[in-house]
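Below is one structure, written out as structure tokens; comments come after it.
Per-chain numbering from 1; labels A, B, C and D assigned in written order.
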Amino acid sequence: MSNQLGRRDFLRAAAVTGAAASLALAMPPSPKHLVELLRFMRKIRHFEERLTGLYQYESFLDKDDLAGDMYDFASKGIIAGAVHLYIGQEAVAVGVCAALRGDDFVTSSHRGHGHAIAKGAALGPMMAELMGRKTGYSKGCGGSMHIFSKELGLLGGNGIVGAQIPLATGAAFSAKYRGSKQVAVAFFGEGASNQGTFHEALHMAALWELPVVFVCENNLYAASTPAVISLATPNVAERASAYGMPGKIIDGQDVLAVHAAAAEAVQRARGGDGPTLLECKTYRFTGHAGAGKGQHNNPEELKTWLERDPIALFEKKLRDDGLMTAADQDALKRQVLAEVDEAVAFAKKSDFPTFDEMPVTADTDLLA
Amino acid sequence: MSNQLGRRDFLRAAAVTGAAASLALAMPPSPKHLVELLRFMRKIRHFEERLTGLYQYESFLDKDDLAGDMYDFASKGIIAGAVHLYIGQEAVAVGVCAALRGDDFVTSSHRGHGHAIAKGAALGPMMAELMGRKTGYSKGCGGSMHIFSKELGLLGGNGIVGAQIPLATGAAFSAKYRGSKQVAVAFFGEGASNQGTFHEALHMAALWELPVVFVCENNLYAASTPAVISLATPNVAERASAYGMPGKIIDGQDVLAVHAAAAEAVQRARGGDGPTLLECKTYRFTGHAGAGKGQHNNPEELKTWLERDPIALFEKKLRDDGLMTAADQDALKRQVLAEVDEAVAFAKKSDFPTFDEMPVTADTDLLA
Amino acid sequence: MRELTYTQAISEAIREEMDRDEAVFQIGEDIGPVRSRPSLWKQFMKNRAWQTPISESGFVGMSVGAAMTGLRPITVIMYCDFVGVCMDPIVNQAAKIHLMSGGQIKVPLVIRTPAGAGTREGGHHSGSLESWFVHSPGLKVVMPSDPYDAKGLMKSAIRDDGPVIYIQHRILHRLSKGQCPEGEWLVPLGKADVKRPGTDITVVGVSAGAMKALEAAEALAGQVSVEVVDPRTLVPLDVETILASVKKTGHLLVVHEAPRRGGVGAEIVRRVAEEGFGLLKKPPKVLGCVNTAMPYSPPLEDACLPQSSDIVKAIRQMLG
Amino acid sequence: MRELTYTQAISEAIREEMDRDEAVFQIGEDIGPVRSRPSLWKQFMKNRAWQTPISESGFVGMSVGAAMTGLRPITVIMYCDFVGVCMDPIVNQAAKIHLMSGGQIKVPLVIRTPAGAGTREGGHHSGSLESWFVHSPGLKVVMPSDPYDAKGLMKSAIRDDGPVIYIQHRILHRLSKGQCPEGEWLVPLGKADVKRPGTDITVVGVSAGAMKALEAAEALAGQVSVEVVDPRTLVPLDVETILASVKKTGHLLVVHEAPRRGGVGAEIVRRVAEEGFGLLKKPPKVLGCVNTAMPYSPPLEDACLPQSSDIVKAIRQMLG
């Protein structure tokens, strides 16, 4: 049975050109692949920097507020809503997705642009989604937190903290049931590790030896809440032992360290040996939401983390190893910036969807 | 502030006569207390044995059923509903509750008669509750799974597996907030340890160093599901380390072992040093539900566990230590059986509540 | 023809659909027969019944992930009341992913849950929560009242490409038997059934409400001609059949076990008021559970739930 | 008199009630200002604001346990949509314990949650789920539409001895300002308010629906005399005030942001149909969100939500 099912077209990606996923089989990565890792990190960085500019921020924070919006964002710009930036954490998404095949699955969080781009999402439809256009990945129906791509195995960001963890576990269950040898990855923050879904999903994944990798990005904050007051023990990785699952702590600013750990965990999963929990220690360089325009949690602390900018660290390594010159790197950056320009232009000239184009089935009584 | 609040009458029990709780301060327990421990175990045992007789069991199990009731019970007897017996596990409730003060809090599960009796519940109103009479602890509105007693600090059984764990944690929070030095205990099964509430509540209890003791009764089954296929690792106690909390494995058939471990955990909690997870290895001697009339999960395995009947083991110890003779023990048993008779008589002659007596407030539009 | 019980009918539907499509499997607590760990995965591949830990939000979420990636889970929530611990994966994930993904991703998931009261199980084991799901766009909601519908609707639910909440009634498990054809049949989602034709009053009975309405109709036979309409699916709702009946009778009574306040009775009254204004000769009425948690004590439970005698009384009042 | 914003009004209520009763405290995510662990407990005792991990079912359950044992928590669910992860402690525990304990144990708990759409946050951050709570006996449900009510109802909610769901609207946070007296006032639970008297049609506006109804009434001023009734609390529902208004106008439109299907509009229509049959001259109507998950794209979100222009249009149609 499993073979027959496995052969069906269950989100098996077509050849995904330009996807970080295409780097998967090189371990250790070849020089060409290393440059691609850098390119993907830059794509995320510059894509998101551009969002900041397009987001017309208004603050409503009232210092005496005991009762209002917990989050301080709003925009009347061309990009609206709650836009959570990934800047500072790029090494995690890129390192992990580089260890995946095109047909592997990824679920993500509210902070999902980086995971989508690293899994191979093109910047044009990403930008269009954020501008609510019908050329967006989710036809404008999703927005920043809900970027799906069936062909890339992108099972969506998620607005519910922790909900993506069982979803990835279910995709892994499906892969095992179908015998397809696909692997699933769930990306989530240290804040999400306090949700019941974390416990339930990790436990069942271990119990049933499912091909899933749990990637916790511990960026030390959950919105305004520091990890130091919301985690009873400092390391999320240690929770893995409660399920008899391996748990590892990784330097999330070092893309090669992330990639090596992810490759091992993915191999373990694909080989039928079950799940792994990876805790990547990282940091977000902007405020929680508001496309980078909201207040940062801790500007002092931020300074020391900026010294560990994952892109700068990796560029230095590539120069030190003689694989790229500063000029090469500058050229790559320009290429990416041009790609971002194109994405903005593509999105801006795209139409908004109309109500009648909303993807709903007639039998659900839309207007009843 | 805390003192003022602490002095208010928040479920502080009046002198609770006959409660196991009154044994609390004796550590190690005095001979007199040891006899009381035995008495409480017998009260639970014989109370529940009587339920079996009052439950008019009908089986609906269809071996080919893929779709029906997962549980095989129904009764048209004087006691109806889902009645889960505690027989076999008595040492846990009695050992733990003997380490509590009268004003400490207990939350319990669907299998809650033992916890209620051990915390001091009288058999008459217990039996009346199970017969749905207005003299029952919950005026007949609760039933087997919902026995509450404000004055005994009994915050109810629970029909939702795992829901009682945050409730006890909240009672502990309240005790700490009020500075009342009360301790809360949550009783739950190994099955419940797979619920998200277990994770969330244990984590917050550890984070905030709340005065709560988590008592997991690992009786090797969750309804029809053996722990061996539902726990990824054999010991629930090991999960405590994920929260930086002590976790201990205890022989749940040995009332003194349970009592010693509980006394230590309660002391730790009351002293402000935070929560403990105790895993008591135990076994239920009857089927999951149906007042002991449903099928047992594993009759072969049961035989070996019956050799570790907690009452028989403890009686032997008391005889070996020269604290009681067989005749004393027989007399005690008869006393308890007579108490059960009285409870049945009391309940049977009690009235059913009427609709108009239901404890609902007028402003909730009961009939609107 | 042969006699099937309600649960036999559902079992048969599941077995046939499993034979038909290997992507179909069941997952949930205590659904057996997986009993020992070492051979677990192999057994599963044979059995297609996946017995879980008590982790509803985990395994419902997993079912959504599995449904997004090619499988067709039938996920069991043992009692309807327990959905309180796993509403998120149902209403925020399963129900919304199709729209939020711009129509790319379908979630062919059946959530099957026994509901209903009458067994003296008290406040946590007596619920009927269909109206939460009716109010959650993206879900279909099915509530069969007899074996024929139970089987045919289950098969349609499994073949549907979106998430379907299939609510079976725990009293019907035991009480409902009926003549059924051999072989397979489908009952379409969105088509009500007139279980008993009549001319004086329309009683819309939901799930066990339909059974009780039929009892009441029988009790009134010769005095009042009661038309019993079973909507069978609440989303989509076959309002046309209800309106046609009300047009004929001029009177509407809705019966369900969920509390009256905010129940599907209100929704049915709204549809009739908006779309069939003027058809009613007298005020419509909804009979549901009293607005309270379910008490355990048998006389209280009986008093809180609508009984067929209450239906008889209500009909007499409404027409009298 | 002075001007208060909606959030200032709520803040003031909370602060006053905290001063009045030391059993009152807030608990929830990101409610600050606790920032560092070592001094945590001490700060808490000072601040009465308890910033939690992201563990809603845990801390809501804890709040219930705290409320059962003498405290009066105000528990914050950051967005109404997130209640999917913690319905159980709300509807099975908080709501039912009073009845299940035979009336022994009270649960004086306020669950405060911002709801509503209009901020382009998509499918998981735009929900209004009041009707789930309305259908859960044992809860009271409060939805203020302006600063005066927001403060007065919050104070009543905190002083109530049962669980109260207090739903504040995220758009009103920013847009709603109003003249308020100095000092303290209470608004009772269960008392609707006629926000604008009129004679031609009754518009029952829930939360931001009341604000939009007032805009529509203003737009129609001189042409149609619109009476805007704000129920303020949905449980208990002040049906008398609604019936009195409908008796005068003969027309009923209900406006809310939750989906029409199974929304509180249906419940209000049921009450009017059952208790005020014959008062309506034309079919009643409910304007709610289209029955779909909320799409992100601004034109789609705008099209799915009832706008004041839709209210104007509906009124014209209904009377025309």
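One rule holds in what follows: contacts are C-beta pairs under 8 Å (C-beta built on N, C-alpha and C of every residue); 3 or more make two chains touch, one makes a residue touch a chain.
Being a predicted model, the structure only gives us computed values, none of them experimental.
A.B. asks: Taking each chain's centre as the mean of its CA atoms, which one is farthest from the centre of subunit C?
C.D. replies: A
A.B. asks: Provide the C-alpha centroid distance between subunit B and subunit D, rounded to the nearest whole angstrom.
C.D. replies: 39
A.B. asks: Using the average of all C-alpha atoms in each chain as its centre, how far is it in Å between subunit B and subunit C?
C.D. replies: Those two chain centres are 35 Å apart.
A.B. asks: Report, in whole Å, the distance between the mean C-alpha point of subunit A and the mean C-alpha point of subunit B.
C.D. replies: So the centroids are 45 Å from each other.
A.B. asks: Touching at least two other chains at once: which residues of subunit D meet that condition?
C.D. replies: Within subunit D, the residues that touch at least two other chains are 40, 52-53, 55, 57-58, 81-82, 84-85, 88-89, 92, 99-100, 122-124, 137-138, 235, 261, 290-292, 295.
A.B. asks: What are the residues of subunit B that contact at least two other chains?
C.D. replies: Within subunit B, residues 138, 140-142, 146, 158-160, 163, 194-197, 199-200, 203, 207, 229-231, 358, 360, 364-365, 368 contact more than one other chain.
A.B. asks: Work through the pairs of chains, note which ones touch, and then classify the graph as line, ring, star, complete or other.
C.D. replies: complete
A.B. asks: Can you check the complex and tell me which residues of subunit D touch subunit A?
C.D. replies: 7-8, 10-11, 13-15, 26, 29-32, 34-37, 40, 49, 51-58, 76, 78, 81-82, 84-85, 112, 114, 119-125, 154, 168, 170, 173-174, 260-261, 290-292, 295-300, 303-304
A.B. asks: Can you tell me which positions in subunit A touch subunit C when the two form their complex?
C.D. replies: Subunit A residues touching subunit C: 1-2, 4-5, 8, 10-11, 105, 107, 136-142, 146, 148-150, 155-156, 158-160, 163, 165-178, 184, 196-197, 199-201, 203-204, 207-209, 358-361, 363-365, 368.
A.B. asks: Name, in rising order, each residue of subunit D that touches subunit C in their complex.
C.D. replies: Those in contact with subunit C are residues 57, 81-85, 87-92, 95-96, 99-100, 122-124, 129, 131-132, 134-135, 137-138, 235, 258-259, 261-267, 269-270, 273-275, 277, 280, 282-286, 290-293, 295.
A.B. asks: Please output the residues of subunit D touching subunit B within their complex, sorted ascending.
C.D. replies: 22-23, 25, 40-41, 45, 52-53, 55, 57-71, 88-89, 92-93, 97-105, 137-138, 140, 162, 189-190, 235-237, 239, 271
A.B. asks: Inside the complex, what are the residues of subunit B that reach subunit C?
C.D. replies: Contact set of subunit B toward subunit C: 60, 62, 64-71, 74-75, 80-82, 129, 132-134, 138, 140-146, 158-163, 191-192, 194-197, 222-226, 228-231, 352-355, 358, 360, 364-368.
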